[in-house]
Amino acid sequence: MSEDSGKRQDSQRGISRRNFLGTMGAGTLGVAVSGRAAPAQGAVAVASDGTQPVTLRINGRRVDLRVEPRWTLLDVLRDHLELVGTKLGCARGECGACTVLVDGQAQYACMTLALEAEGHEITTVEGLMHGEELGAVQQAFVEEDAFQCGYCTPGQVVAAEGLLRGNPNPDLAEIQEGMSGNLCRCGAYDHIFKAVRRAAQLKQLGTG
Amino acid sequence: MKHYLPDPDQIPGEAQPQELPPWGETRVVGRSLSRVDGYELVSGTAVYTLDLTLPDMLHAVIVRCPHAHARVVRVETSRAEAMPGVRAVLTASTPGAEIPWYFGDDGPTSRLFDSHCRYAGEEVAAVAAETVHQAWDAARAIEVEYEVLPFVIDEAEALEADAPAVHEGGNLTEQREFARGDVEAAFAEADVVLGGTFRTPCELHAPLETFVSVARWDGDRLTVWDSTQGVFARQQELARYFRLPLTSVRVICPYVGGGFGAKLSTGKYTVIAALAARMTARPVKLAVTREDSFLSEGNRPANTIRLKAAAMRDGTLTALEGEFLGSVGAYPSGAVSPYLLLALYDCANARAATTEVYTNAGRARAFRAPAFPPCAWALEQTIDALAEEIGMDPVEFRLKNLATVLQLRDDLPYTSIGLRECIIEGAREFGWESARSRPQQDGHLRRGVGMAAGMWAYPGEPRATVFVKLFADGSVNLNMGASDIGTGTKTVMAMVVAEELGVPLEQIQIEHADTGTTQYAPASGGSQTVVVSSPAVRAAAVDVKGQLLEIAAAELERPAEGLVLRDGQVVPIDDEGAAVPLAELRGLRQRQNIVGVGRRHPHPEGKIALPFCAQFADVEVNTLTGEVRVARLLAAHDSGRVMSYLTYENQVFGGMAMGIGFGLTEDRVLDSQTGKMVNHNWHDYKIPTAKDVPLEQTCVPIDPHDTECNTTGAKGLGEPAHIPTAAAIANAVYHATGVRVHDAPITAMQMVRLLAETRGD
Amino acid sequence: MLPQFDYVRPGSLSEAIEHGATDGAILHAGGIDLLGCLRDGVFTADKLVAIAHLAELRGIDETRDGGLRIGALTTLSEIAAHPLIGERYTVLSQGAGSAASPQLRNQGTIAGNLCQRPRCWYFRGDFHCLRKGGSMCYAVAGANQYHCIFGGDRCYIVHPSDTAPALVALDARVRIVGPSGQRVVPLDSFFVPPGQDIRRETILEPGDLVVEVLLPPPGMGLRSVYRKVRARGVWDFALAGAAAALTISDGRVTGGRLVLSGVAPIPWRAAEAERALAGSRLDAETIRRAAQACVADARPMTHNGYKVDLVRGVVEETLRSLA
């Protein structure tokens, strides 16, 4: 069994990788340095012009593909899996249009190598839908008109989802801080704040 | 508006007067309805140009000149051509690439790949490859030898005799003068004369979706999916570049991820994509990188404005004088405008001189109210200072001097002017008087309030054609050429159709922004979209209504005048119980559809319809660190009828957010040693974030019920929302601290120094 | 667009060290700074050595001496949200919480934040500057508004980190492991000023990696705070900032440190100010004296004179908040 499939099993058992590693973290340093504690079979080596098979978990689905070392998670989502809801804005972690959830936390897909996404649960804006129905955050964004051109919107929606998962009832200042990693050049911030508050209500009502 | 948008007065009008009476009470228009494309926007299913992949598509990238001024000596492409996946390399010597390049209506000023590179970022070569990674690898392998030339990036230096010439014939592009009355005498007789030199930053559009085109040829027919604000403008320009009839060029843009003016004119990337597609006989996508977009896809130029103004102690504004200097960048464009100075206030004696120059920097493009925010920055701070000097409240001083006619155009009357109400109502809602006299708290945080007024100058290009099609089941297709750049155009236009035809929004399908399938509309810029297209939509819907009621009148054996359309039914006014669903009309089933055609009527003669606004800011200044926090903003706008309050408010807040950037954080920086831009990314070029906008914002619409401007009563909103914000903030900063900041943006860097100087540190 | 590189995910820390010591290899943890630099061509990498999966580099634990151990891969979000850190080492919590954006804090690690390369726009841009092996510092005669007023020496970068000044203020140490074994180094001597070596910012040698940050137990009466001034509300580095960690007893400062961010190539200890504070009451006069002492040695450049005023102001405000 490879290390990667082991991680998948962990997440299937409901133990997140983060927690798993957290519990393993303390006091193991000496062992690791002095001996070869970690199994070598987990090792991966890919040449710059080669590709590596990876298994990603995206929106609850398993995806197998081969990636180059330099491909980012954003490259893979948009160019190889056609999940274009995750937007390309700057490709340098400066706009937030590519925000996805990694194990439930908002991160920029452009700053994550696809190889490094392995073993984590990735959620994109498409993954917030319930079939054809909008999720609570999406519904709230429509109700509050929390967008103009709409290009930053999927990233905003996913960031809001990440914020509310960590803090289901944020106050206005927490919303402002929580949504501060997503640029909106149209300047729909005010309505975005309202939408996040509305989304918190919808989630608490169990709607969407 | 020079170089940006067509002059409405130059457009031969159709002799078709305004026929429709103004709306009385509306049932749909004016309500706060969710956007018709909201689902697509939030679900990620809206496909923008950057999201598009066509079968067999190649990816192209551009090689750019790294020098501010250089000549291309040699381009070595052999290594790139041999790299994996490379299908085409384009340079100036590539057959077919010798395309002359136009900036506006004047003759060509450059070429697609010009060997004379006039700014850092100019296009030198391009590569098309199977993947975008391969294209970049190959682009990096292209070697270009340059002869580096002396450059000039400073506007004043560009005018010096020994300055490097950006173009043959020197760097002065245009000087203009405007005058009325006797300015000298007015200054001599005035009780108070003051002035100063103001400077505004070079501001970048930075739309979230970058500049991108996908081009495909079918024989001699070119189809371009383009992230553009106007498909018809793009179609015309592409037809010129490729010498094709208009019918052979189709431009499509279902969603555009922001533009703010930068996506009005054609960028070289679009033509390069089309050229590469023709060379390779494959579809080609070309997306300009974020960094490159900052270099080459437009900006609002820095302005230096020397202003002088005079008033009498009784509060009469007696003279205004301004000198404007700005750079268009390396190619023809517009840089400055004294319009606001000469139009906003009633002032018998006014004079302005403008100077525009070339420099070795990226070319200016239209940017949300071109040249107006800089002028507002200077004018509205000067007005504020004058008011203080004569001991009058700035609100009162402005109210005393409002223009009621357009002095710039021989005192042309306005169809409506709600500026007085904007200021009065805005001040009331804002709590101006109490905020103005609010005592300061102890400590280093000081509060202050300020306001600024504004107006916008473009009445719109009065031509657009719209089809509305009613299907046999009563559902509707709205077919219009206008782009929805995020302002809610689709939603607002569907509401107009719903208003006239009584069908629910969900029953209206929209085709738009496709030159192949929709009708002409001007580009969405200059705050003209609703102004120009909504009357055409209304006319088309009314055309359908007329035909429909004729059918219904025959079937119901009642006069058409006694019938109304409501909730998908034909309803006799005096017998609502006899209502008939549209789907049950035999005549409609017989015809299967009813097509209505609507055209925009000309603007009213002898009058002009323009929007006005007043904005109010409440700021907190940290006197230890110079940080300025905008605590509260209020905007009172006369943009005529509020078509949809949700999108109206959103756009107003968005304009103010951009104004916060203009006033507090944004500034393109060019390195004086190399002429290269050093902050061409979103970290170093700082647009406002969620933390930079106030949590308290208020939108106060002022509707003067204009029945003359057009048949929907709407005036423009997008530009005015951005015009006075920065100036209002600056006035509030002055009120808080006594420091008059002449140079935008008011960064902590500048403010902490000014505060220290004021203290005498 | 990223250029090509090999990628290695070693099976263990010792393998990571081996790989890291090879020519052209660079460690990859959160990746935020690294990928940005590669994308901009600031430097190249033949091989990325992934370490994000190494469990022993994670976790926040109390140490036997009453201090805290923070694993190198601990994210800034984890630090900012950690109750114990917020309570005992407020300055670090605030430093971590004021860095970058929420998403970047979710991904960026504490070690990465300490080891990030300078943000100087000439260094990051298409300029062959001294730090990249070129012959000139463009900031000297160029756009130097964001550059240093202390510690410049041919190169005028500022250290970009918000956690580093906090950690220096707290007298933290880092444990480094590498090909030549392991060592524990006070953070004070971890950073390399340009006068010492213009090509690097830390003492790390090839193959070295920071495995953990060690905080001493909080001193009696420790009160600490980080205040950062930036050009916009978030997602921005410090124009200037102050990290103060002072022990205060009966209203008098008994010890501690004051460290400045955004004004020097390394986290800048305001030693004169610390002396001015020692033994004094935190009253208005002491605070003014300390703030003034902070800038006594400032050497502003053509466009960053404001930083002198700003340091004075931000230090005054910071100390007032502790008074």
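Per-chain residue numbering starts at 1, and chain names A, B and C are given in the order in which the chains are listed.
The rule is short, and it goes like this: a contact is a pair of C-beta atoms (placed from the backbone, for glycine too) under 8 Å apart; a residue touches a chain by one contact, two chains touch by 3 or more.
Just so we're clear, the structure is a prediction, and the values are computed from it rather than from any experiment.
Student: Which chain's mean C-alpha position is the greatest distance from subunit C's?
Tutor: B
Student: Looking only at C-beta pairs in contact, point me to the busier pair out of B-C and A-B.
Tutor: Of B-C and A-B, more C-beta pairs in contact link A-B.
Student: Approximately how many whole Å separate the CA-defined centres of subunit A and subunit C?
Tutor: So the centre of subunit A lies 27 Å away from the centre of subunit C.
Student: How far is the middle of subunit B from the middle of subunit C, if each middle is the mean of its Cα atoms, in Å?
Tutor: Spacing between the chain centres: roughly 41 Å.
Student: Could you please state the distance in Å, as a whole number, between where the Cα atoms of subunit A are centred and where those of subunit B are centred?
Tutor: Taking the mean C-alpha position of each chain, the two centres sit 34 Å apart.
Student: List, in ascending order, every residue of subunit B touching at least 2 other chains.
Tutor: Residues 132-133, 289, 683, 688-691.
Student: Tell me, which residues of subunit C touch at least two other chains?
Tutor: In subunit C, the residues touching two or more other chains are 1-4, 233-235.
Student: Identify all positions of subunit A at which a residue touches two or more other chains, and write them in rising order.
Tutor: 68, 70, 91-92, 94, 177, 180
Student: Within the complex, which stretch of subunit B touches subunit C?
Tutor: Counting only subunit B, the residues touching subunit C are 61, 66, 132-133, 136-137, 140, 289, 444, 622-627, 664-665, 669, 671-674, 676, 678-680, 683-684, 686, 688-692, 747-750, 752-753, 755-756, 761.
Student: Can you tell me which positions in subunit A touch subunit B when the two form their complex?
Tutor: 68, 70-71, 78-79, 82-92, 94-95, 97, 124-126, 129, 134, 137-139, 141-143, 145, 147-154, 157, 172-173, 176-177, 179-180, 182-193
Student: For the complex, give me every residue of subunit B touching subunit A.
Tutor: Within the complex, subunit B contacts subunit A at residues 32, 34-35, 37-48, 50-51, 53, 131-133, 205-210, 255-260, 287, 289-290, 485-488, 646-647, 649-651, 653-658, 681-683, 687-691, 693, 695, 697.
Student: Sort out for me which residues of subunit C touch subunit B in the complex.
Tutor: Residues in contact with subunit B: 1-4, 119, 121-122, 125-127, 138, 141-143, 145, 229-236, 239, 304-306, 309-310, 312-314, 316-317.
Student: Could you list, by residue number, the parts of subunit C that touch subunit A in their complex?
Tutor: Touching subunit A: residues 1-15, 28, 31-32, 35-36, 39-40, 46, 48, 50, 52-59, 61, 69, 71, 77, 100-104, 106-107, 175, 177, 182, 211-212, 233-235 of subunit C.
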